[in-house]
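Shared chain: chain A. Partners: chain B in the first complex, chain C in the second.
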Partner chain A sequence: MDFSTSMTVAASGMRAQSDRMKIIAENIANANSTSATATGEPYRRQIATVKSEFDRELNATVVQSGKAVDDMSDFRLQYDPGNPAADKQGYVKMPNVNSLVEIMDMREAQRSYEADLTVMDASKSMLARTVDLLKK
Partner chain B sequence: MDLPAIPLLSMLKERMSWLNQRQNVLSQNVANIDTPGYTARDLKPVDFEKALKAATSPGAFSNTMTVTNPRHIALSQHAAGAFDDENTPDIESNPSGNSVSLEQEMIKVADTQAQFQAATNLYAKAIDMMKTAIGKTGM
Partner chain C sequence: MAILPAAAAAAYQSIAQMGAGATPTPSVAPADLSGAGSFTNFLTDAVKDSIGTMKQGEKMAAKQVAGQADIVDVVNSVNAAEITLDTVVAVRDKVVAAYQSIMNMPI
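Let's turn to the complex of A and B:
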């Protein structure tokens, strides 16, 4: 009986999801971070990546968070001539963060995290059942 | 007499290790729910009838190799993790090529848990019955 494998795999999933949450939080926190100058770039949205990896020790496929990649989509333009970061036409480059997308991503991460937690709970109760056989 | 030699208990043990391994496979599916290109896996179901016949046939106890010297090492019948698994893509597959359906995996996890519970309860019952047979009533 080896339930620690399934619990370790579920924990790897939870770690990957919380890393993803961190990146989503960075995006939301920086949704209005403009550059200080007209030539500079504002905050660029990060995209969290995950990759599966075979763990020889566990003999199972665990999941790991990969390097966050930049979202290369266009920046939003906002008309604000008084801003020091405004260009000649008076437009300021705003980060390419769409809060709706971020909220959706967040819900997805939350849901996956809960699923991992459910699996871990199930494994734990199965392990407890096996240990309970000793009481008989 | 050692307990695993009793067909019922050995079958339950087999069942429990199958369920345990299935839980491992399911946890991999759930952990990789957001991994692009990941295909859901599941264990191949064990043929119950065949297992029952193997466990209850008269030769069931002698299916280990005969040794000429008690110090010879017996071949273990089952290495750990001997059950086969297969790709079982769930119904839907999202644009990133991931075919794990969260709902389906949750059902499988709950199912595995319930079946494991049944197996452990049966195991405890069998031990209880044996205790009754040897005259130790009550636990």
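Let's turn to the complex of A and C:
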């Protein structure tokens, strides 16, 4: 049935957004994760990717979350000589996570998820109204 | 007019014997149940399909409880099961109503 297809497509979008939320949560949670040694690297920010994919069985284009890629931008340097991860000059490499950016990403994922929910709700009510015709 | 139970039983028995005596004549067989496109077939397929959908919904719910399934998949399956059940119930009501209106026809 067509409506169940649209519901499945909306569900794929919701799944992709929840995967994206997972990445964002990882970024926010690790915003202060430094390396244990001076030579090591701190947490590197991940970027969630989504890709469209044609589902032959469903005969529709669904969304799939792709592999998260590393954000290769520079790490922040913070002066903290007492830290075991500090280099000779006393600077510690902090993760390249910007919490403002993460919050904006989170909002976007939230809105996207809500849009998918609305699609699901609408297609379900359309289908239910059609079945109601049978009941008279 | 009062009908004695014994008389009714006797009448039933005599009819049953009549049927047993006339074995060569084909009994009232439903016409070609296996034929593709028959209404019975359609109903059977629809019911089987809906049972499959319901079972899928149940399975996903059980998986979710066990922590193995995504909540979105559960919602999708249970939604599909709900709609299917709704449709089957509506069709059954229609069929029963049609049957009843035939049975209520004055002969």
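The rule is short, and it goes like this: the second predicted complex is superposed on the first by the 135 of 136 C-alpha atoms of A that agree within 3 Å, B and C clash if a C-alpha of one lies under 4 Å from a C-alpha of the other, contacts with A are read in each partner's own complex, and residues count from 1 in each chain.
Definition applied: contacts are C-beta pairs under 8 Å (C-beta built on N, C-alpha and C of every residue); 3 or more make two chains touch, one makes a residue touch a chain.
The shown structure was predicted, so the numbers you read here are calculated from the model rather than taken from an experiment.
**Student:** Let's test your reading of the overlay: on chain A, do chain B and chain C clash or fit side by side?
**Tutor:** On the shared chain A, the partners fit.
**Student:** Is A:Leu134 in contact with chain B, with chain C, with both, or with neither (first, second, both, neither)?
**Tutor:** second
**Student:** Check the contacts made with chain A and report whether chain B or chain C touches more of its residues.
**Tutor:** Larger number of chain A residues touched: B.
**Student:** To the nearest 10 degrees, give me the chain B-chain A-chain C angle using C-alpha centres.
**Tutor:** The C-alpha centres give an angle of about 40 degrees at chain A.
**Student:** What is the contact status of A:Glu57 with respect to chain B (first) and chain C (second): first, second, both, or neither?
**Tutor:** neither
**Student:** Taking the superposition on A as described, I'd like to know which of chain B and chain C A:Ala122 touches: first, second, both or neither.
**Tutor:** first
**Student:** Could you look at A:Met7 and tell me whether it touches chain B, chain C, both or neither (first, second, both, neither)?
**Tutor:** Both: A:Met7 reaches chain B and chain C.
**Student:** Between chain B (first) and chain C (second), which does A:Asp74 come into contact with in this model arrangement: first, second, both, or neither?
**Tutor:** Neither: A:Asp74 stays clear of chain B and chain C.
**Student:** By how many Å are the closest C-alpha atoms of chain B and chain C apart after the superposition?
**Tutor:** 12
**Student:** Jot down the residues of chain A that show up as touching in both complexes, chain B in one and chain C in the other.
**Tutor:** Dual-contact residues (chain A): 7, 120.
**Student:** Can you list the residues on chain B that touch chain A in the complex?
**Tutor:** So the residues of chain B touching chain A come out as 16-17, 19-20, 23-24, 26-28, 30-35, 38, 80-81, 102, 105-106, 109-110, 112-113, 116-117, 120, 123-124, 127-128, 139.
**Student:** Over in the complex, which chain A residues touch chain B? Could you list them?
**Tutor:** 1-3, 5-7, 9-10, 12-13, 16-17, 20, 50-52, 59-63, 108, 111-112, 115-116, 118-120, 122-123, 125-126, 129-130, 132-133, 136
**Student:** Which residues of chain A touch chain C once you look at their complex with the stated criterion?
**Tutor:** Residue list for chain A touching chain C: 4, 7-8, 11, 14-15, 18, 120, 124, 127-128, 131, 134-135.
**Student:** Please name which positions on chain C make contact with chain A in the complex.
**Tutor:** 70, 72-73, 75-76, 79-80, 83, 86-87, 90-91, 93-94
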